[in-house]
Amino acid sequence: MAILDKIVKPMIAGLGITSKRLGHSRPTVMYPEDKREQFPRTRWRHVLTRHDDGLEKCIGCSLCAGACPARCIYVDAGENTEENRLSPGERHAVRYEINMLRCIFCGYCQDACPTGAIVLRKDFELANYDREEFIFTKEMLLEPALSERSK
Amino acid sequence: MSELIQLGSHNERPMPPKADELNLRFSEQAIKELEGLKTHYPNLKACILPGLWIAQREYGGFLDGDAIAEVAHRLSRSYAEVQGVATFYSMYNTVHNPGKHKIEVCTCLSCHFNSAYRIRDYVSKKLGIKNGETTADGMFMLEEVECLNACDRAPVVQVGDRYFGPVDEKSIDALLEELRASEESTVVKMADQIVQVQLKAEERVGTIR
Amino acid sequence: MAAATDIQTVNIIVNGIELAVPKGELVVEAVKRLGLEIPIFCYHPRLKPVGMCRMCLVETGMKNPQDGTIRMMPKPAAACTLPVSEGLVINTESDALKKDRKGVLEFLLINHPLDCPICDRGGECPLQNNTLFYGPATSRFIEQKRHNVKAYPLSDYVTLDLERCIQCARCIRFTEEISGDSQLAFRFRGNKTHPITFNETKFTSKFSGNVIEICPVGALTNRKYRFRARPWDLQTSEAVCLNCSNGCNIWFDHRAGKVVRINARTNEAINEEWTCDKGKFGHDYYNDEKRLETPFARTGDELQKADYATVYAKLLEAFHGDNTGMILGDSLSNETYITAQNFFTGQLGSHNIDYRFSANQAKGASTVDNSIASLELAKTTLVFGTHLADDLPIVFLRVRKGWFNQGTQVILATDRSDEVSEFAAHTLVYKPGTEATIAKAFAGQVSVADAAAKCGISEPELQAAITAAAGATVITTTSLNHEAAEVLKALDGNFNAYPTGANERGAQLALACDGLSALEQLKKAANGELSALWVVGVDLFSVGLPREEVIRALENVDFLAVQDSRRTETFYYASVALPMTLPAEQDGSYTNCEGTTQQMKAIIPPVGQAKPAWRVFEELSIRVNPRMPFSQASEILASAPAFA
Amino acid sequence: MAEYKLLLKHSDDPATQTLAGYKKAGGYSGLAKALKMERQAVIDEVKTSGLRGRGGAGFPSWIKWNGLPKEKVKPHYVLCNADEGEPGTFKDKMLMETAPFQLIEGMTIAGFAVQGDVGYIYIRGEFIDAAKALRKAIDEAYANNLLGKNILGTDFSYDLHIHLGAGSYECGEESALMSSLMGERGMPRLKFPHAPLPTVSGVWERPTLINNVESYSCVPHIIDKGGEWYATLGASTKNSRGTKIFSVSGHVNKPGNYEIEFGTPLKELLEMAGGVKGGKLKACIPGGSSMPVIKPDAVDVAIIGYEEMGEVKSMVGSGGCMFFNEHTDIVMLAWRTAHFYANESCGKCTPCREGTRWMVQIMDRIVAGNGQKGDMELLTEVANNVEGRSFCALGDAAAWPIKAFIRQFPEEFEYWIEHGKSPVTSKEALALVP
């Protein structure tokens, strides 16, 4: 009896739990082939957005750098000219760099941005082999213009 | 607004003129009058207003940069200061060349309620110009002005040194005809008369008419 | 200056606290004694009060001396224009005042654009600060804002944005009262009022940079700093300007090891809070592409990068004895001069170490009787043979301040009229080269008639000026004709021959100057009589000597060592070259024209392998004669009796 | 009470515009009398007369006269404020055109009393006719030793100059007038207690006496007939003495200048001017555009006097009295008044520079039919923020009428805001909208 109580019964109970779960859907995602949908307010990789006409929203004001508690943003600004207009108004960012190793994804930069240029979106795959690669430049952060996106 | 610097001229700024580059145009009479006015005040700065009146006459009614520079030069003041003074007062024509006759329609309270805007619109339609503009032939300028303090004669129109009021469409027609026919620029005449009345009898070169 | 006991005080009541303050002091200043701050825009302590912005409104009242009752005035008054009087009662905090301040700020903001994020003033803007502390949270203004020009390049240094202007007239009052050029003025009236130059011509004031700093909004901004950084990006360090001998105190703003901007730092004894444009905008040499980063040594026709050891060996081989010379620039640190003198004369045995390129820079006539600050108290000032606004800008501002505030009588004698003649009581424009004659006329050694004829001045004018100049404080520079300087020095009043080189005064003090002068060394070198020449911190092509002479000297010397911060024209003639740090990259001290020695710390890292010149001399010195070298700049200065 | 012609008594007779005619009519007896008096006695006479400044503020004149240093160190200046710009006022213009000698005599007596060296008449640039009349009179006075060196054989020497302005309402403010006279922009200067009084440090930082044309014109009569006699005029009022010229305009049958004794009911003034034309009375601005508007019921009870007008919440001001009939659109009146002050603001201080423009923008919006609920409160609030906060009185002058229009006629503003059009439907009123 001891065998029945101590071995068989638990086995049956265990199989019972397993069999109960057979009907459930599978929670494990087959990453990286499959990716789980992120929550709407997830804060991951930064993107510099554009206006509909293709001009950059970023005006190089450095408010994000000022707000950043990790001091991981570096902005160099320049003046728009008739020939070289990157953003509306007088000023644009020449260099915009984020050190992703230091970033804590707090989203303060997004709050500070007066034009809604920098936003934290759902792209979370930030791993890399080279430390240098963690300095995200403006070219990497800037979203493609509408015209290019359709291609 | 016409009184603001035009946008788009964002190139390098020219240098301010040097004293020896100025094109001085004061006549001998003007120089004499200015000397007379200088004796009225303890310093040269006080002569800026009378000096600008002389310049307004000498430069044909319009105080452009040259005129202002000449007044500043003759009174040893800075150009910017004199321009600041000239642009402050509405009777100096610093922004817009007034042409030969400046028709100033008072539209302030009493005149307003005696149909001054109707008169203004009538002049405007007749001459084909808007408020603050000069006709293409440089004959007339129309300007709305604040109270001319002749409210008993509302609505009042000032042309040069003369007041006309009360005016209506008919008298405006007659006035414009008269002005068209006259040889003399009332703008210049007004500046001249203003200079003359400030001079003492022994200093006066021109005449009071 | 009046003794402290002479100051009359009156009793006033500020927010219920009684205090005694000097009679006539403005309320806005008086309340600072209690640590209170009244918000201001148009008020500036160094400009005459105008009371335009109405930000500083306070409630005022009078205390009845008999029964002690207080009667408050119905209307608030501007604190920036109200002088204190006996029994004055002031309230700086009340609900009504809060509302007044909100109202004024709302008015200021209705036509102020919301472009703080791109404005160079954003982050250090008095309008932002006052709005944060006293302003309304929202605006009720729904109409069209006033539009005007933006980003208008008023000069090479100043950008004007008229939309941001709040018409406080600080810039205008500066050009009228301080710099004296009156190049800015208000144009038009009412809500069209805006400050601008005559016909929008170039703003050519020599002190235009100051209007940027005193502008309480971003209407006047620095064109060279435009969009270079935001205030929170910057690191700020105390420094001394070394573009001329006045030694203005400055804030050195740098970002990521690069200088981006220079602002004035208050020092009442020297520059008060002003700078000249040369100092404020002349900092390009720090970020120059031609900075010298490594030592160089010549191999055949080519200068090739080398290491210090190689260059040191070559130097020690080439330099010994009186057949060699060293020419020093006049803007090096005191430590450089001290160590150079010790090393070159003490270790290498040559007395030919000097900084003087002009025969007039004799040491004897370089007396300085007046400090810069004391110049404004002079009764009569004779400015002789110098264009003050160019040569000694801060001295110019002091002389003008003396004239403007105390009515100092200024007499100018120079070869062309300049900024000083705008306010000088007498201006004498003499023919170039006749300085000595006119100086003798002032001393009565030549008859006025003769001097007038020779110098091209009318006789009565000269006579009037000479009469007026009795006992005057003389201001001139060390480059004045030697003969004239000696004559003027012998006159009754104070005599000031201010040096013009940034640390010429330090060079005067530290160098013995008992060998060949720099000029004589070059002459000797041109004749091939100098075996080696060492040029430190000076480009021989920019000291005003004829080019051919300099080339001949440089080509005929056997060994030329150049120690400089950048690849100057002289560098290309060098046998060996050493990179040198600039003032902000090294510790050092500098002595300004009045003799004040000011310390400066290393602020930004040196470029490449550049070293302070004194360290090079010390390193070479221990190679010749092993001893414990100086390791810090302060030790060197302490060792020199001239700077004790 | 009827008209009392004291200052205007010569106005109908062109002969008094010559020196001979003026003397014949009794002119220059005041100066002759004054020159025989002690200087202080002249000032005391003005004190006895109870003369108050006729420019608008009503400040007792003798205090100014008495304020100039008795021990003369620097030159003393006597200024006449003839920069009449207040909408609705045209009395100074008439006084200068028709009685120039009266003003010159008054200024000469003032110059004598305060040991003046030079007098300046600062005339508004537009008043060339007035300036011409004065110039003619001054030339004649110089030729007859009534100006210049040793006047009438005494040791009193006095120069009188005419200085014309160039178009700025603000220069009617006394410190702005001084700025303008000194060749600056016509911006007001610091006033007591922020700076010394003009009587101590005025133009060119020297002692200066400044008064209005009408005030100076009273002086010959005060000296000639005695201060006590002058004080009997207007004795029925609390503290206003003498006569006052009112410039009556607007919707009246006989617009013009009417001189009355203080204490005369406002209603009588309206009757003198021939009553309202084109309908019933709707509103009255009694003292120039800066003064608060009053309604007909107040017009019925108002007594003209500096203190008395306060009882109907208005002021005597400069005496520019405007009557408006029932076809008047009050909002248009407010709109035009707001424009006037915005155009004439000098731009020196923030509240006036920005506030007047804001008020114009709100008024423009209402008149364009885009008024919003709350605009009336906002206008009042803006006016409150301008009033008392501005550098000079122009800010107050801009705020008072707007506030009064809203206070007295709120229903008209409400109608405009709600319907986007005028509550007055007559043809005349509709023509007013530009």
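Which chain is which? They are A, B, C and D, in the order written, and residues in each are numbered from 1.
FYI, contacts are C-beta pairs under 8 Å (C-beta built on N, C-alpha and C of every residue); 3 or more make two chains touch, one makes a residue touch a chain.
Since the structure is predicted, the reported quantities are computational estimates derived from the model, not experimental observations.
Between C-D and A-C, more C-beta contact pairs are found at C-D. Comparing per-chain C-alpha centres with the mean over every protein C-alpha atom, the closest match is chain C. Here the CA centre of chain A is 72 Å from the CA centre of chain D. Computed centre separation for the pair chain A/chain C is 50 angstrom, with centres defined by C-alpha atoms. Rounded to a whole number, the gap between the C-alpha centres of chain A and chain B is 67 angstrom.
Chain B has residues 84, 88 in contact with two or more other chains. Contacts with at least two other chains are made by residues 168, 185, 343-344, 346 of chain D.
Chain pairs that touch one another: A-C, B-C, B-D, C-D. On the chain B side of its complex with chain D, the touching residues are 40-43, 45-50, 52-53, 84-85, 88-92, 107-110, 112-113, 115, 117-118, 120-121, 145-154, 158, 161, 163, 190, 193-194, 196-198, 200-201, 208. Those residues of chain B that touch chain C in the complex are listed here as 1, 3-5, 7, 9-17, 65, 68-69, 72, 77-81, 83-84, 87-88.
Here chain C touches chain D in the complex through residues 49-55, 57, 74-78, 81-83, 85, 100, 103-104, 106-108, 110-111, 140-141, 143-144, 146, 166-167, 186, 188-193, going by the rule given at the top.
Chain D contributes residues 168, 170, 185, 190, 193-195, 342-351, 353-358, 361-362, 365, 378, 381, 384-385, 388-391 to its touches with chain C in the complex. On the chain A side of its complex with chain C, the touching residues are 59-63, 65-66, 75, 77-79, 89-91, 114-115.
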